[in-house]
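Each of the two complexes below includes subunit A, the first together with subunit B, the second together with subunit C.
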Partner chain A sequence: MIILFYLAAAIAIISTVCMVLQNNIVHGLIYLILSLLAVAIVFFLLGAPFAAVLEAIVYAGAIMVLFLFVMMMLNMGQHSVDQERSWMGGRVFIAPAIMSGLLLAQFLNVLRDYEFELVPTEIGVMQVSSLLFGPYVLAVELASILLLAGLVSAYHLAKK
Partner chain B sequence: MTFEVGSGLSIGSILFTVIIVAAMLIWVERRLLSLWQERLGPNRVGPFGLLQVVADMIKIFTKEDWVPPFADKLSFVLAPTVIMIVILLSFAVVPFAPGVGVIDSNIGVLFVLAMASLGAYSVMLGGLASDNKYALLGSLRAAAQMVSYEVFMGISLLGVVALAGSFNLREIVLAQEGVWYVIPQFVGFVIFLIAGIAESHRLPFDIPEAEQEIVAGYHTEYSGMKFGMFFVGEYLGLVLISSLITVLFFGGWMGPFLPPIIWFVIKASLFIAFFILLRAAIPRPRYDQLMTFGWLVLLPLSLLNLMVTGAIILSMQ
Partner chain C sequence: MPQTIPIEHGLMLAGILFCLGLIGVLTRRNIVFVLMSLEVMLNASGLAFIVAASRWGHADGQIMFLMILTLAAAEVAVGLGLIIQMYRRFHTTDINVLSQMKG
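Moving on, here comes the complex of A and B:
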């Protein structure tokens, strides 16, 4: 279990870094999908199968498909790869690297005093949904109103 | 070694059987189509032409494995493997008979839907990597079609899930002890059937690869075994959809007298034959007709079905 967890976590981190460093936008997207699927496995191993499968359906299966769809419409070829390469010089990475380094240091500092127990209890679909439609029903309704607003505005823009 | 869920014997025999069946379906489909069109079909190689598949395999394996120089190598090689992996993984949660299956997952239905949504990458990456107008057009169509029909596929299943009270496919089969869900969930069944054909993009919904308009669509540039994987992947999808319909709506392995696995095979084969008959009988709709039908007919219908099912379940309690 623990080995699987660290393996999935390592894949998630490495593929995310590869996604950032990638010049070819389609390859970058494939790395991002890989990273999302690895995160889904991490969720699953931590005892949240519902969150894991939603991560695969919603993020990897729907949102990323739309990204790829837009990329196909724009059909960026060698030109965009060259442009990206000219942008991704060594100096661009300095500021983000410093900031992520600081964040990592803080993160490690917080984690140092934290007691770990990697023996997760499984939270099934039933428990998650009874919470979503019980105490958190207002948040669910608000989210659906937000989605409806998005739908209506997309329709309006498409009509123009 | 014994036959039980998740044992090596069970996993091995399921994997082997599913792939062999998918390959043999190429011959079955050609023979059945020719039967319905009053032709003979492939009957030269071996008895009844049974060895036609072997001949095709020898040909496809010895062909040059060609990647066009203008293609994007990573995505081009990745695309055909995605469809095979994703569909074979979906078979992991299908309960074939008591004790025969790979895993009893509490998120079985969701897992199948997740795999179906990942399957869209195969056709999209294949078309995009080919750097070919027809391939790009085909994969654009495929993307829109698969993303749309995934929605109705998911919603049409929710009625069954609500009735059974579980996402576990084995429990869904066991909940159909009294009456098969095709009777209370007939609308859901029809929507799932249509969405299933669209999802595996077979005729009459093979718009992403319509030969008469866009050569071969997303797999125009593919040849050899890479094309073979797309091809076998399509038949694997057909077997998967038929198995899922059997499990979700027709009581899975249940039936009198005969052993459970035989009942499962009979039911699934009937649906496979039905899908092949559809191919022989129905012409292809236009692309905009397909999308309009999906969003204006299937979506409201599946939502209505879910609401009515929910209301009835609540009032029965």
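Moving on, here comes the complex of A and C:
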């Protein structure tokens, strides 16, 4: 199980790096889907099967397909790939990579003296949903209103 | 070989993914890649919540992940609508074009 965890983590990190370095948008999207599926496996191993399934269905399924549809609609083609290549240089990455690397180093330094063995206890759908429709019912309603606002504004913005 | 996953490795994975998304947001000029990197960052924070939920054995972290999922879906819908409108007006997805705001 622990080997699966490290394998999925490595796949997630490598495919995210490939996504950031990618010139072709559609290829980048496919790498992002791979990364999200690897994170879904990590969720499953951490004992959150409901979150893993939702990650696969909603993130890798719905949201990424939405991206793909919009990319097909815009139909940018080879021209955008060449443009991306001209924008991407080694120089662009230096300052952001140093800053993010410092941030990450600080974070890892904080985590260094923090040792807990995680015994994954499976938290199933029933526990999650009994909380979701118990104390968190207001949050669910607010989320539905947020989705409605997203729907209306996406319709309005994408209209001709 | 230990059969349990060390919690700090889960949090490290979340941190690394978050920083990769941050690098993507800071370096890319194509707004679609910026939106995708934002997705990576949101996903990494969701992963941190799941790790914490697994550590404490509570379902609350998964609820927070569901909220992040909802937020990501709404954000992507609005962001893609904006990208479509931008492509119609400027025929490009370069964010530098939008640096001058005129009315």
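Heads up, the rule we're going with is that the second predicted complex is superposed on the first by the 151 of 160 C-alpha atoms of A that agree within 3 Å, B and C clash if a C-alpha of one lies under 4 Å from a C-alpha of the other, contacts with A are read in each partner's own complex, and residues count from 1 in each chain.
Assume a residue touches a chain if its C-beta (ideal position, glycine included) is under 8 Å from a C-beta of that chain, and two chains touch if they have at least 3 such contacts.
As the structure is a prediction and not an experimental result, all values here were calculated from the model.
> Based on the superposition on subunit A, does the combination of subunit B and subunit C result in a clash or a fit?
After superposition on subunit A, subunit B vs subunit C: fit, no clash.
> After the superposition on A, what does A:Ala12 contact: first (subunit B), second (subunit C), both or neither?
second
> Looking only at subunit A, is it subunit B or subunit C that touches more of its residues?
C
> Just to be sure I read the superposition right, which of the two partners does A:Leu147 touch: subunit B = first, subunit C = second, or both, or neither?
After superposing on A, A:Leu147 lies in contact with subunit C but is clear of subunit B.
> Touch test for A:Phe50: subunit B only (first), subunit C only (second), both, or neither?
both
> Just checking: does A:Met71 make contact with subunit B only, subunit C only, both, or neither of them? Give me first, second, both or neither.
Once the two structures are laid over each other on A, A:Met71 reaches both partners.
> Go through the superposed model and pick first if A:Ala62 touches only subunit B, second if only subunit C, both, or neither.
It touches subunit B and subunit C both.
> So in the superposed three-chain picture, is A:Tyr114 touching just subunit B, just subunit C, both, or none of them (first/second/both/neither)?
second
> Determine, under the contact definition given at the top, whether A:Val26 touches first (subunit B), second (subunit C), both, or neither.
Touch status of A:Val26: first partner only.
> Once the two complexes are aligned on their shared chain, state how close subunit B comes to subunit C by Cα atoms, in whole Å.
14 Å.
> Residues on subunit A in contact with subunit B in one complex and with subunit C in the other?
50, 54, 62, 66, 71, 73
> What part of subunit A is in contact with subunit C in the complex they form?
Against subunit C, the touching part of subunit A is residues 1-2, 5-6, 9, 12-13, 16-17, 19-20, 25, 28-29, 32, 35-36, 39, 42-43, 45-48, 50-51, 54-55, 58-59, 62-63, 66-67, 70-71, 73-74, 76, 80, 83-84, 87, 92-93, 95-97, 99-101, 103-104, 107-108, 111-112, 114-121, 123, 127-128, 131-132, 136, 139, 143, 146-147, 149-151, 153-158, 160.
> Contact residues on subunit B for subunit A in the complex?
Checking each residue of subunit B against subunit A gives 72, 74-75, 78, 105-107, 110-111, 113-114, 116-118, 120-121, 124-125, 127-129, 131, 136, 139-140, 143-144, 147, 150, 167.
> Under the definition above, what is the set of subunit A residues touching subunit B in their complex?
Spelled out, the residues of subunit A in touch with subunit B are 24, 26-27, 30, 33, 49-50, 52-54, 56-57, 60-62, 65-66, 68-69, 71-73, 75, 77, 124-125.
> Can you list the subunit C residues touching subunit A in their complex?
Those residues of subunit C that touch subunit A are 1-13, 15-17, 19-24, 26-30, 32-33, 35-37, 39-40, 43, 46-47, 50-51, 53-55, 57-60, 62-63, 65-67, 69-78, 80-85, 87-88, 93-94.
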